[in-house]
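Alright, structures below, take your time with them.
In the two complexes that follow, chain A is the common piece, with chain B as its partner first and chain C second.
Moving on, here comes the complex of A and B:
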């Protein structure tokens, strides 16, 4: 089945000022990601994985080249427009979960919906559904400090998925998890990817995560070293 | 905005002790500001009320030669009015005199007042009912200064209209208690009819006190001072007192605002990851700035609630029972009662709320606006300096 590209990266270069000079984090990257991909950016620290994800997530913009996400050139977006893009279409899962500590599990997941025009009833229904996806419906009233690492990351997945985004960006989601929890959250994400058709982009160097990826893009020193399709993991949707 | 309030409320409640410390200091400022201003307003009202009741009435018609601030004008600053012009006016004749209690000489203002008047609250009944040759009444401060008490006789020396000294014993028939020092300190009140006889200044008055029905007209040789004009000095003194007192509560408010400012600076620095998360979840930077600003201004709203819980019963109690002032404080030269009843008007409360909320919002916004320049990627990593 021929799928449309939701993300197009064209000749993207990203440089950061370091002292008096510059550090080039991405060098002339060209990639395309199709709807429903379950893809990982793999490489050692400093290879440019997170920088590329930040650009795709409209948290940053390229120094050169174009990053077109859902038809929008990231460099051309205003603060408001990029916030709207993130709010409606992109979900984030962070390495350290980044749950808001004073909110309950329910409120953390509900947060993304508060910025949109959902009624209270709609929000409640959507949040509970998202918590059921990750198996935490019974923990809605707990605060993040009462959760284990695996539970915290599952809340983060629910928060990223509750608004049914087209793209989910997961930056080292298993870095703080043990093997059992890593497999649990990956299975959950894979299931959501299959059921909802959401595009998942990971940055990882965790072998366990790689075992679930349909496509692995190897980055080294800011350049694409290899773009590998893992046929065994591809599921026909 | 509603969302910012909801989130700010949750964040503040979640911050626990830090929030309540700021709220505590700010609510204390609220209470002190309202208390101090209420006290001054209460004093202002009491001083005006007593000055009107005891001295000013509804205005005074002063002989144009007489200047209340120049004792040398007392000698010639008097005159008469026609019968029809005296309607609704109480005559007061002032003469310089001396009394000699226990052999000491005290210069006094000898004041003759109509014993049938009802405009002023002076206890003239005692003068009216006395059968002594020259009945006199004095205030408590004067009684203390001259060491006189009711029933005492004391030698009085005065000058008649020709400038000739005369002397006689007067009898203190009443020592009255008043909050108005200008009818008490260094003053002796006798019936004006007696004073006319003693000085030969029949029907003369230094000034006339108007009652409510008096209509001011232009009378040659006399100048009318309205109640407002007479009270203006008192109002100015109290306004000055208010300004000098405000330094104290502004300092307190500054400390409270500094605590909020400090908390906000710390929050923006310490909560970088949270700020980055807000932005990643789709909040605009201005929304995050708004959230942090509302958080800061919400300290003042919470302080208002806490201040109300403590302040309403306290202020209600104080407004009922008043605050006692020591006797020594009565000698400051303006009307000050033994007990001041603070007045906590709605305008005072609303002005204070507005002052504190606006100030808290400004000091919250200043550190929060830094967020608008934050790089969300660095914020998420908590790497901003």
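Moving on, here comes the complex of A and C:
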């Protein structure tokens, strides 16, 4: 395995049964992602973005080919091993934030740490640090329904980042945000990417998001149409 | 994590208060219905036993064949000896003599002229015996409406409604007219010491209660008795035991060629109570089964919906790295917790209402004015040990099964599919 590569996708094909036939969501994909990349998967609906992210996030496995994430072949992992991989190494950011409404901002972020062996004091320190990263340390005791859309997504970023994962998968993170909030969360994620070296993988349609990406992979009908390096954004880094 | 999830359950009323309320209501209804069924049928059997049939009853064969006519001319003779024999052969039972008799009550005015008359249905029992529990068995003292228990020979209790109809007051003298065991006419004066209402319409009409020695003297029945009743000393009717006892007694004492030889009948062979016993057991079982089954489906559905509503949370937890098995186990733990809390609360409520219904009951005497059935005019629930547990069947098991079923979806769906449902 290339030392620099945290994700290697080799000849990955994914088919889903549809009625009596099959739908091929990914067709023989070959990609590599290096540590610290800030990359987006771009393409129309049905192009295979989410399917590929699900495989990388060990939520699904390829029908053919290999997806090797942090040295582990996703197809070989049991449910528990997949869960452990997500628990320790992968953070998720969703389109609709998915904060648990009955818990406070602090507790929503802390949730990610409960499956790991941190003491209460350690968890408190890590959660507050994550909330400071996203500028919400003063809102730790608020419930999600008291937050704006942008604040909610920042809590989701803090929840994804609090365990300091090596990979963060963000599926259309700006879909429900206005321009100002989109720029605010992208700046936050970019900053975390630079400071912590976390690999970010986006699925997006949003031109504003694309403006921050260092690499854009264009997908169409389940195949890679173009793999584009945005030198300007790398230089800016 | 458990503490964290518990916090979520307590804060989310749709996950705590709502299911606990639904479980509690279901369990409370189950407990109440079960208590009511036990009470209604049990009371009917118990009341028949106490007033009419005993757990077993010994009569002459001839008396047994005509007992609706209260044929005291066919009564058991040498009853003292037979009673001793029964006490020796069946020491687990308490044996008592009773005489039932019919006649006329005449109420004279101050001049000795008849002021009023009415038909009397008399029961003679041991009111004065040192060890007699007959008054207690028939609940006479607490059924007194006015006056006191008879304290000496020549005193009697009469039905309260009967006393009002005949305008009889405490201390008044009434005269009973009837026939003796030898078919000659008899009359006897009694002082009314109290009036009584049993709560059984057929008993309350024309009731006259006297001590058995008064009746034996009045009816020429010295050392005779119409009926010899046996009651379990544990006060529990055991169908199998009484049938076995009757078979033993009859094998020893009953003779086909002697209609005056005694025969023992268990409760189920009297007053058509056998089919009633079978019917009550069956109906009680069916009602309780249907109700428990229905409540189980309702609570199962509650568990199912509770589980399905939480697919968003499960998706998040999967994303955060919780294994499916962990999520499933925590779902079941919650169901067990909610089921136990709901079952305890529901059982407590159900038992409280059942106890109230046991003590106060539902008065249906208004519907029984012309009833001839010996059944209680106040329907009561009965609190039994089984009621402490029966609610846990729908409350705990159905809740857990419902959640187990909804949780199977976690396993059946691909993780990515569950995850996708997050976005909905």
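The criterion applied here is as follows: the second predicted complex is superposed on the first by the 231 of 237 C-alpha atoms of A that agree within 3 Å, B and C clash if a C-alpha of one lies under 4 Å from a C-alpha of the other, contacts with A are read in each partner's own complex, and residues count from 1 in each chain.
Assume a residue touches a chain if its C-beta (ideal position, glycine included) is under 8 Å from a C-beta of that chain, and two chains touch if they have at least 3 such contacts.
The model shown is predicted, which means the values in this text are computed figures rather than measured ones.
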After the alignment on chain A, I want to confirm one thing: do chain B and chain C clash, or do they fit together? clash
Under the stated touch criterion, name the partner, chain B or chain C, that contacts more residues in chain A. C
Which holds for A:123: it touches chain B only (first), chain C only (second), both, or neither? neither
Is A:102 touching anything from chain B or chain C once the two structures are fitted on A? First, second, both or neither. both
Stretch of chain B penetrating chain C in the combined three-chain arrangement, among 43-51, 61-69, 79-87 or 313-321: 61-69
Doubly contacted chain A residues - partners chain C and chain B: 54, 57, 59-60, 79-80, 83-84, 86-88, 92, 94, 96, 98, 100-103, 107, 111-112, 114-115, 159
Chain A residues touching chain B - in the complex, by the definition given at the top: 54, 57, 59-60, 79-80, 83-84, 86-88, 92, 94, 96, 98, 100-103, 107, 111-112, 114-115, 159
The chain B residues in contact with chain A across the complex are 3, 6-7, 10-11, 13-15, 273-274, 276-277, 279-287, 375-377, 380
Residues of chain A that touch chain C when the two form their complex: 50-51, 54, 57, 59-60, 79-80, 82-88, 90, 92, 94-96, 98, 100-103, 107, 110-112, 114-115, 159
Which stretch or stretches of chain C touch chain A in the complex? 1, 4, 7-8, 11-12, 312-313, 315-326, 414-416, 419-420, 422-423
